[in-house]
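Per-chain numbering from 1; labels A, B and C assigned in written order.
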Amino acid sequence: MSAVSTSAQPPLQEHGGGDAKADRKLRQVREVGILLALVLLVVATTIVNPNFLSAQSVRDLLLGATLLTILAVGQTLVIVTRSVDLSVGSILGLSAFAVGSLFAAFPTMPVPVAIIAGVLVGTVCGAVNGALVALARVPALVVTLGTLYIFRGIDYWWASGKQINASDMPSAFLGMGRASVLGIPVLALVAVLVVAVVGWYLTSYRSGRELYAIGSEPAAARLSGIPVDRRIFMAFVANGTLAGLAGVLYAARFGTLDATVGTGLELQVVAAAVVGGVAIFGGSGTVLGAALGAVLLTTIGSALPILRVSGFWQQAVVGLLILTAIGLDRVLAVRAERKLRGGQSRGA
Amino acid sequence: MFRTRLARGIAAGTAAGALLLLTACGGTTRDSVEEGGSERPAGEADPDAEIPEGLTISFLPKQLNNPYSTFANTGGAEAVEELNGEFKEVGPSEASASSQVSYINTVSQQGADAIVIAANDPNAVCAALNSASDAGAAIVSYDSDTAPECRDVFINQASAEGIAKTQVEMIVEQVDGEGQIAFLSATPNATNQNAWLELMEEELAKPEYSDIEVVDTVYGNDDDQKSFQEMQGLLQTYPDLKGVVSPTTVGIAAAARYVSDSEYKGKVAVTGLGTPNQMSEYVKNGTVEEFALWNPKDLGYLAGYAGAALSAGQITGAEGETFSAGRLGDYEIGPNSEVILGPPTKFNADNIDDFDF
Amino acid sequence: MAPEVTAPSSGQGAPFGPDRAPRGGTLRRLLATREASVLGALVVTVILASFWVDGFFTDRTAGFLILDVTAIALIALPMTLIVITGEIDLSVASILGLTSAVMGQLWFLGLPLETIVPLCLALGAVLGAINGLLVTVAGLPSLAVTIGTMALYRGLAYVILGDRAVADFPRSWTSGATQRLGETAIPWVVLLIAALAVVFGIVLHATPIGRSLYAIGSNDEAARFAGISVRMTKLWLFVASGAVSALAGVFWTLQYSSARADNAFGLELSVVAAVLLGGVSIFGGLGALPGVIGGVLLLGTIRKALELADVSSDTLSVVTGLLLVISVVAPNIVARLKERRRPDTPSVPAHSNQR
């Protein structure tokens, strides 16, 4: 889908050569903006109900945001290369069910082995997507829409009506979903670690920065010698792996697994990334932004019942938030562009 | 040119729309329509009719891949096997209102003698069921009823009164007769849930329960994560909450899991309707004292026998008719063409290991 | 300084442009083959199913099949045009749901259906116009916009109707919706679908408007230079998409005699799958309506045949996914093989490696 934006207005060189500084500033404005929204929401909710900031409730909030954050980080890797992965919900479901089935079949299986196996399920799914997109050169939206159905179908077929219950899994594994360090849930720490590592990779490694180059200008990236196909392939593999990890954590946290786990999650994940300022057409956006987007969406979900707003409003609010976020990105980008052009006025 | 042509088209469309609006006075409104539920044509029942061999009985659960319905339908399969019929289980993979229609059409086309359905929406399946009935299939609803005019018999898992009463007994006992309680339900338009909630509130309004206060009803949509979040919200909103009743298997498991990991364990009672396999962990670790459920396998079994009896003409669905349901004994059709399975079973640490579903 | 002049890079101008080479000359041929293969697959499926599946080859099957795919078939028509211009509309199922909820609520409040139906269609057009304005005037990418409005419209449907279902529509209307044609088992709605398909087909394949859609999808920069009003064209397409989705919503509500906020949840992916399977390129500029109708019918037929053959719905999901993947991978591999055989021809990958 082409962005009309770019036909109606001059293209925005978000990651061109000379505007790195301006762009960084833009990103910061954007991230501070989400943070501000988040703080406002928490403060407002706490005023209505002081319990919202109790230790228990903050723990719940962090736990709730964990899975979406990890998925949004993975999705960011893919989106900055101007692709998208719609199959993450199905990958999460498949890997969660794989972990549960492993434990159900081999109750004595060591926990780390099962975790690795679950993550690897995600890696394999990601590699399938990556191979189709990067090597067979077919559009990511179509491929991952296809694999969304395929992976889910495999999950249904595998589960065939069975359910894995908490009692099928060892308490050491489930304990992982409940444990805290200094009052912070372990799962949330895993998410923080994922954000830190991936964020660091994207900014500090040449191959990480090349992902942005690919997303901004694929043809130029190819000409300048970047191994585009390999980078895109690896982005999908990494995203699949993270979705697999999220599946494992889902199993540890929720304990009850059937074939429908993670259905429909893909659009939430894309929404979190978009709210977090990741440009849907690639080349721009940070992992931190996407993570903040995920936390904001989750917090809205928990805050609405406490604010006594009918849960029915939740989706509508999320929709408005997405539209606001992309609108805001547009405004900021246009402004930055204008500044770069020395305040030249132009018709928009 | 393109623009003007389109604009003209739109203008014409708008004009036509306006015209329709004008002519609409005295149109079809909700008040102008009076359609009583048309009674299903009931023939004569022949109580002595033999159940023929080889009946095809198709079970349509709310969705496939749902452990509860999978288990219920093992009972259906058992009944159909005893009757030397052909058991079939089909259904959509997601529980949406319209998704069952296509499957009803298909089994009707395949010439099913009886269709046993748990409806996702009481009305959305009606037209399809009626045409299946015209094509000769007996229609039995179980677990979740359709509109009454679209089926011959409804197999009720337990009388709504029995279920409401059992749950009230359990929660009152677990909170020692006083304090705030709340309900965690499935979806606000689930027929069965609403009936139970209403009856529980009625029951709790009795003077002997005057120390119990129902503070809220929340809906987890039978979605694990949503139920979990709603439970979270309840405990934050009502710090003095003593207990939660969740009359849905998804809800009670999510509620118990939340409480068992939280500071509320042992302080907030969780009870309601759940399956033994899902709840055994929480009963054993002390989060949950006691909960209840009918035996879904018996439900499917009874529904299978009812389908066969209808198909053979032993019963027509009229009140007072009786039929025999194998190992469960004889059943009588009650008012509104309902057959009640029996009182729910209570599960606690003493007996939970005796049940495997 | 006119904005057009300052827009140098086709890379940003058409986000999927860089790897795409002009394919004007081969367009016709490509169209023919893609369509031919979809329609061929449909014919083969029907023949195989008639032989192997009991009770498949009857007019009852056809009747049920048409009712099953009505909403997808209707919405796929404007969706085809939108995707050909290089955009997408993911909010269609939510527009359907919101229309259904509004229809239920208005009926509940006592308005006559003769008023409600046009109101609902107008509502759909307005919702589509909101999408269109955000895309054309605000200049936002349609993928992101319609993910946003997908959540927004579905959310509003829940706000209006909550989890209630309104079901007491008059029987004359509900059974009217699924009325058969004369003595056959074919529902009348097939005429509605056919009429709309003809209208959209003529617009796309036999008018200057249609040619401008392909031009926009191939290169909207160039289209604009050629004097095509890109913005207005796209705006009207989104309006059409909204109105047709609303029509599908009204029909859905009457067909199932149940107005609910969650009606047709997730249908957008089925519509997009059918359109892509029908040979429309997700990058725009390529595709034809007969292929899309073939795609809709192919998915519906496979579904019906599998159901009648008692194959579980899990398989259906895998088959749908595989078809979709194969439909895009196969032509690419063929193109690459041809390219390898003739190394002197310029490299023209059928698709770039982006979305």
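The rule is short, and it goes like this: contacts are C-beta pairs under 8 Å (C-beta built on N, C-alpha and C of every residue); 3 or more make two chains touch, one makes a residue touch a chain.
Remember, predicted model here, so these are calculated numbers, not experimental data.
Student: Of all the other chains, whose mean CA position lies farthest from chain C?
Tutor: When every chain centre is compared against chain C, the largest gap points to B.
Student: Write down the chain pair with more C-beta contact pairs when B-C is set against A-B.
Tutor: B-C
Student: Compute the distance, rounded to whole Å, between the mean C-alpha positions of chain A and chain C.
Tutor: 27
Student: Between chain A and chain B, tell me the centre distance in angstrom, where each centre is the average of that chain's C-alpha atoms.
Tutor: Whole-Å distance between the two chain centres: 36.
Student: If I count partner chains per residue in chain C, which residues reach a count of at least 2?
Tutor: As it turns out, chain C has residues touching two or more other chains at 162-163, 266, 312-314, 317.
Student: Scan chain B for residues touching two or more other chains and write them down.
Tutor: 64-65, 93-94, 219
Student: For chain A, jot down the residues that touch at least 2 other chains.
Tutor: 156, 160
Student: Report the residues of chain B in contact with chain C in the complex, numbered from low to high.
Tutor: 2-3, 6, 17, 20-21, 23-33, 35, 64-65, 88, 90-94, 96-98, 101-103, 105-106, 109-110, 121-124, 126-127, 147, 187-189, 219, 221
Student: Name, in rising order, each residue of chain A that touches chain B in their complex.
Tutor: 49, 51-52, 54, 56-57, 60, 64, 156, 159-163, 165-167, 178, 254-256, 258-260, 263, 301-302, 305-306, 311
Student: Can you list the residues on chain A that touch chain C in the complex?
Tutor: Contact set of chain A toward chain C: 1-13, 81-84, 132-134, 136-143, 145-154, 156-157, 160, 217-220, 228-229, 232, 264, 267, 270-271, 274, 280-282, 310, 312-320, 322-323, 326-327, 330, 344, 346-348.
Student: Could you please specify the touching residues of chain B with respect to chain A in the complex?
Tutor: Going by the criterion above, the answer is residues 64-67, 69-70, 93-94, 218-219, 224-225, 228-230, 232-233, 236-237, 239, 253-254, 257, 261-263, 277-278, 280-281.
Student: Applying the document's contact rule, which stretches of chain C touch chain B when the two form their complex?
Tutor: 54-55, 58, 60-61, 64, 68, 107-108, 110-115, 117-119, 121-122, 162-165, 167-168, 170-175, 178, 208-209, 212, 229, 232-233, 236, 252, 255-258, 260, 262-266, 303-304, 307-308, 310, 312-314, 317
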